[in-house]
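You will see two complexes here that share chain A, one where it goes with chain B and one where it goes with chain C.
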Partner chain A sequence: MKRHYLVSTIVLLGAISTFAQSGGELRFCLRAEPKTFNPLLVEDEASETIRYLTGGVLVRVNRLTLKAEPELATSWKVSEGGKRIRFKLREGLKYSDGTPFAAEDVAYTMQQLMDPALHSSTGDAFRSAEGKLTTNVVSAKEIEIDFPAPVANLVNLFDTVAILSAKSPQKEMAALGPFYVAERKAGSYLLLKRNPYYWKKDAAGKQLPYLDSIRLDIEQNPEIEAMRYKRGEVQLINTVSPAIFEKLSADNASVRDAGASTDTEQLWFNQVPGAPLPVYKKSWFASTNFRRAISEAINRNDLARIVYRGHAVPAIGIISPSNKFWFNSDLKPHAYDTADALRRLQQDGFHLQGETLKDKAGNAVEFSIATNAGNRARESMATMIQQDLKKIGIKVNVVTLDFNSLLERMTQSYNYEACLLGFQNVELDPNSQMAVWLSSADNHQWNPNQKSPATPWEAEIDKLMRAQAASGDEHKRKQYWDRVQQIAWEQEPFIYLINKDALVAIAPAVKNAEPSVFRPQTFWNVETLALAH
Partner chain B sequence: MLRFWSGAVLRLLAVMLMASFAGAMLMRIAPGFSSDDQELNSGLSAQSIQAIRRAHLVDSDIPHFYGQYIASLVRGDLGTSRSLNQPVKELLRERLPVTMVNLAFALSVGWLLGLALAIAAQTWDIPALSFLANGLSGTFISIPAAALALVFLLLRWPPAFAAALLVFPKIYRYTQNLLQQSSEMPHVLTARAKGAGPWRILTWHVAPIAFPQIMALVGVSISIGIGVLLPIEVVSDVAGIGQLAWQAAQARDLPLLVNLTMVVTFVTVCATLISDAAQRGFKRSAA
Partner chain C sequence: MKTIRLIAITVLAVTALTILGAHYLAPAGYEQQFRETPQAAPSMHHLLGTDELGRDRWARLLYGMRVSLTLAPLAALFTTALAGLVGGIAGYFGGWTERCCKLLIDLFLSVPWLFLLITVRAVLPLNVSPEASVTVTFALLGLLGWAASARVICAGAKDLMKSEFVWMARASGFSGLKLIRLHLMPNLRGALLAQFWISIPVFIIAEANLGALGLGVAEPLPSLGSLLRELQDSVMVRPEPWRLLPLAVLIVVISSFQVLLNKQEIRN
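And then the complex of A and B:
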């Protein structure tokens, strides 16, 4: 009899657990309407979310282990020093509309992606040299892709390549991922439904995903999003601001600090030779001593403690310590030391006259920091930097501009003195930083599009960046990248301020959530997310 | 009559063209017109960034842009939104009904409330009622649309009702003044002296004088309604043309903004024309 009860209980618990892991509609918000449903043209965060939830990829980078895991491809082999990759594909898979998946689809996707006229950032990441990509469909379940030159981080790049169907009448709307777009009301919401042909199963053999559908409400205002989360109308918030985090926390809503993210906030000085700035200011900004003095005079701990309410860490350099493999652990945080800052400035002929710092020609040191209006954290940081620099006799004016105006000054007129902005580092590999650190690049913000490197240290960085991109040896690449980080730490063309934490909100009803500091923080394991009934 | 309508249509077209051209010029001279946030995307190659910049340059020659826009408009093509990457025609088809329904609701409720209170205050001389009506209209006339929208959002009340409450004070005040002036006219005073009841005075003596001017307010109230509804849509995240206009302005989306200017001008001018026509018709029949 006892045994009978035990068996019944196990069966019942099993049934309850299966039931609890099935069905339901998960709701969360997108901050904007997706600009495209074509996974090859994704540039904005909303489209990226749709791609992640609907796209089938050959490999997926696990957001906790950062290792590439097999998805549509069961295995792969990189050869020819990173120029060739051969994928073995899963058999018997179908798109959401029932169209079968085959190696031709991978070839079709790669050809489309690498079309230079497409101007896709996903495609540009594979473009390490001029020349055409070739695909060789070995069989229905095997394909070989040849690139004109070695591509660094080749396997992980396929994490963002959603495989399109070459034959489906639904074109890019046919999904190989766990969900497909079933309904859309412009400016209002998107409804994703479970892909009936999704191939993945859990350990018990149950078809994934557990969720029936995901409703993505378009909600631009984070305050309203938080209010709706508190009311239980949405169950996830992927990025919570520190102020809202504290508010939700005070209201006993379920929020989590996943730790320091890879995003950076930085200040830089305009070093463009043709910028419409006085010559003496250009010479300040070009001086390493000046930049390092400013860096030393900024109290980063206070920025993290006050502006980010403790949900940030003082930044050390280009790479956040959370990017464990690529971070140069020999680098230490920049000290907050106003005395040393003044000593450095004196080396360049600056001197304090009363409470005003003057350069050797007698010009009072005063500059403006431009940042984007509406970003409260940046506005507060700029104000705190203003207070910090006042202590060493520097007058700072804070200028807030709408984003497009700021961008025009940064990229076209170069009419600014210093700028405070943040970068979202989605890719962890240093290759994704080529467009920032090469002196000829457009995003080399302090002095972009240089014909030849303006300084010896920029020339050295150019050499190192090219060397890491060309090498297939990860350890060599790490050495090159460590040296780049060292130079950036010494020269401080970007004065890195803080790495903010990845703050998320996950309702207790959402089961199996394992927030990561890497995007998409809350739903990277969406197939196994479930709702408690 | 035909002359009136043909002249009106020509006026409408001229105003729409002028307004959209002025909108395009203002957008062109706005700082940040030729920049795109994708320029900061470090994943894009130099060639892709150059392609983005070239695409922006095409729109920066306003006479050229406008000429092409009009040519496309004649063919029924409203262009493609730069920021939302969708045909403008589709965006308007999806969003315009939302705003129109909200506008109709806001105007109906605003007019109903404004007229009812103005008539009640005029017909029955109850100080408490006048105090209440004046207090309500005074309160809602001084609350910014965005602030009221936030309150409604917190209370989960329909945003169109917030717009109605912001339209109502203007209707109430104007109508109440008109009724007041009309009720002080000699023939009304005579009717009152002869013992006519308040309802008869209103319907037979006051309303016929005030009606043509109230009709003129219909056109103006549509402009007022659109004016208050646009910020409310932005704050409350209503997927109407107000939210679209805000996004277009922020992203310097010229094709979208020019079309939105056309639409808003069309609705406003049409409303004014219709109320003008009704006013003329009423005067002619009264004569």
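And then the complex of A and C:
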């Protein structure tokens, strides 16, 4: 009788578990309308979400382990020093409209992606040198792709390449991923339905995804999104602000702090030689001692504790500690030390006169920090830095400008002194930082588009960045990249302030969620997400 | 009615004294950050608690009132004077002068002033003190805000010019400045005052909106507008209702002015 009871209980539990992991509609919000459904042209976050949920990729980077895992490709081999990759593909797969998947589709996608006329930023990541890409369809389930020059981090880059169908009449709307776009009302919502031909199965052999559909409501206002979450109308929020996080937490709503993200907030001084600034100010900004002193006079712990309500950590450098492999663990946060800051300034001839810091020519040290209007966190950080620097006799004027005006000053007229902005580091590989750290790059913000490196340390960074991009050996690349981080830490062209935490909200009804600090934080394992009924 | 008027006078007197005595009434500087107690609830140390950077809200309200209730009326005075000048000239002279003035008014009404203000801010030097920044903001508001009022004044002046007492005055040999001083100005005073009082809250709210676009009062200087911006964080308003006080102050002060204005108008 006892045994019979046990068996009945197990069967019942099994039934409940299966029931809990089947069907249902997951709802969450997009902050804007997706700008494109073509996965090769994705640039905005909303389009990226659609690509992630609908696109089939050859390999997928696991957002917890950061390892590339097989998806449409069962295996791959990189050869020719990173110039060639050979994929072995899964057989018998179909797009959401029933069109069969074959190696020709991969060749078609790669040719489209690398077509210069398409201007694909996804394709730009593969473009390490001039020249054409060639594809060789070895068989229906095998393909070889040759690049004109070695491509660093080649395998992981395929995480963002959704494979299009060369034959489907639905073109880019034919999906190989777990869902396809079934319905769309502009400005209101998108409805994604389960792809009936999705290939993946769970350990018990049940076809994934568990969910029947995903409804994505367009909602720009994060506070309304939070209210809808509290009412149970949406079940996920991918990015929660610290204020809303605290409020939801106080209301016993389910929120999680996944830890420090890869996003950075930084301050930098204008070091463009031709900038319309007084010569004495240019010499302050070009001085390593000056930049280091400013860095030491900023209380990063306070920034994290007050502006981000404890949901941020003082930044160490370019790479967040959460990017475990590429982070240089020898580096430590810059200490908050006003005495040492003054000592450094004295080395450059600065001196305190009363409560005002003056340079050796007697000019009072005063500069403005520009940031984008409407970003409360940045405005607050700038105001706190204003008070911190007052302690060492520096007067700071905080200026908020609309983003276009700020961009014009940063990239065209160079008419600014210091700027406070942030970077969203979606890619984890150092190769994605080439556009920032090469002295000739557009995004080398403190002094962009240099014909030749202005300083010896920038010349060294150029050399190291090129070396890491050309190397196929990951450990060598790590060595080069560690040195770049070290130089950036010593020279501080960017004064890194904090790394924000990845704050997410996941309703208790959502099962199997494993939030990550990497995008897309809450639904990176969407095929295994389920709703408890 | 008398009691309400008395209350209004008291409110305005207290406001004026508070503004003048902000330095003595504030427990700390408006910019001082008590970093160990950010977002504190009201207490003996901080009567209205502290803001998200730990700054004393009471001190910021006092200084914010000083900034806004000094500069907004000045800007309103400027805008009313411009409106009176252009509207008065148009109404007094009529004919092609009126058409030219109305063209100017229409031009100013059709200018996308928000973008104009953003452009002006974009070309201003960055290294300006918060005091200079707020003065520029209100000066621009005053310079651009007169057109709608000028239409009202123009219509009023035209009506007056057709009235019997003005005809009689003209027939008696009154003309030019004498007619304006003795007949037009006293009769337009009500309309001008109304435009003046209406402009004050409009400018305070406009400054708050401009703050969100980067043309408001620069940190750390407070203004009623910048304090009202805190209400954008609507999730925090319910648990911290004292955040509504700047709004309440604005409503009470403007209402008090309007109570006095109505009395003045009735008398006129």
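Just so we're on the same page, the second predicted complex is superposed on the first by the 527 of 533 C-alpha atoms of A that agree within 3 Å, B and C clash if a C-alpha of one lies under 4 Å from a C-alpha of the other, contacts with A are read in each partner's own complex, and residues count from 1 in each chain.
As a working rule, a residue touches a chain if its C-beta (ideal position, glycine included) is under 8 Å from a C-beta of that chain, and two chains touch if they have at least 3 such contacts.
This is a predicted model, so every value here is computed, not measured.
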- Message: Looking at A:359, would you say it contacts chain B, chain C, both, or neither? Reply first, second, both or neither.
- Response: neither
- Item | Touched partner set for A:71, first chain B, second chain C, both or neither | neither
- Message: Applying the document's definition of touch, where does A:265 land relative to chain B and chain C: first, second, both, or neither?
- Response: neither
- Partner chain(s) touched by A:408 [first = chain B, second = chain C, both, neither]: both
- Check the residue A:105 against both partner chains and state whether it touches chain B (first), chain C (second), both, or neither. neither
- Message: Under the stated touch criterion, which partner chain does A:219 make contact with: chain B (first), chain C (second), both, or neither?
- Response: first
- Message: Applying the document's definition of touch, where does A:188 land relative to chain B and chain C: first, second, both, or neither?
- Response: first
- Task: Report for A:429: first if it touches chain B alone, second if chain C alone, otherwise both or neither.
- Result: neither
- Of the residues on chain A, which ones does chain B touch that chain C also touches? 401-402, 405, 408
- Spell out the part of chain A that touches chain C in their complex, as residue ranges. 223, 226, 243-244, 247, 250, 302, 305-307, 366-368, 370, 372-374, 376, 379-380, 382-384, 386-387, 397-402, 405, 408, 415-417
- Query: Considering the complex alone, what residue numbers of chain C touch chain A?
  - Reply: 31, 33, 35, 38, 52-54, 118, 121-122, 126-130, 211-214, 216, 218-220, 233-236, 239
- Write out the stretch or stretches of chain A touching chain B in their complex. 33, 35-36, 43, 116, 119-122, 124-125, 127, 185-188, 218-221, 224, 227, 401-408, 411-412, 423, 426-427, 432-436, 440-443
- Message: Could you list, by residue number, the parts of chain B that touch chain A in their complex?
- Response: 31-49, 51-52, 83-85, 90-91, 94-95, 98, 153-154, 235, 237, 239-240, 243-244, 250-252
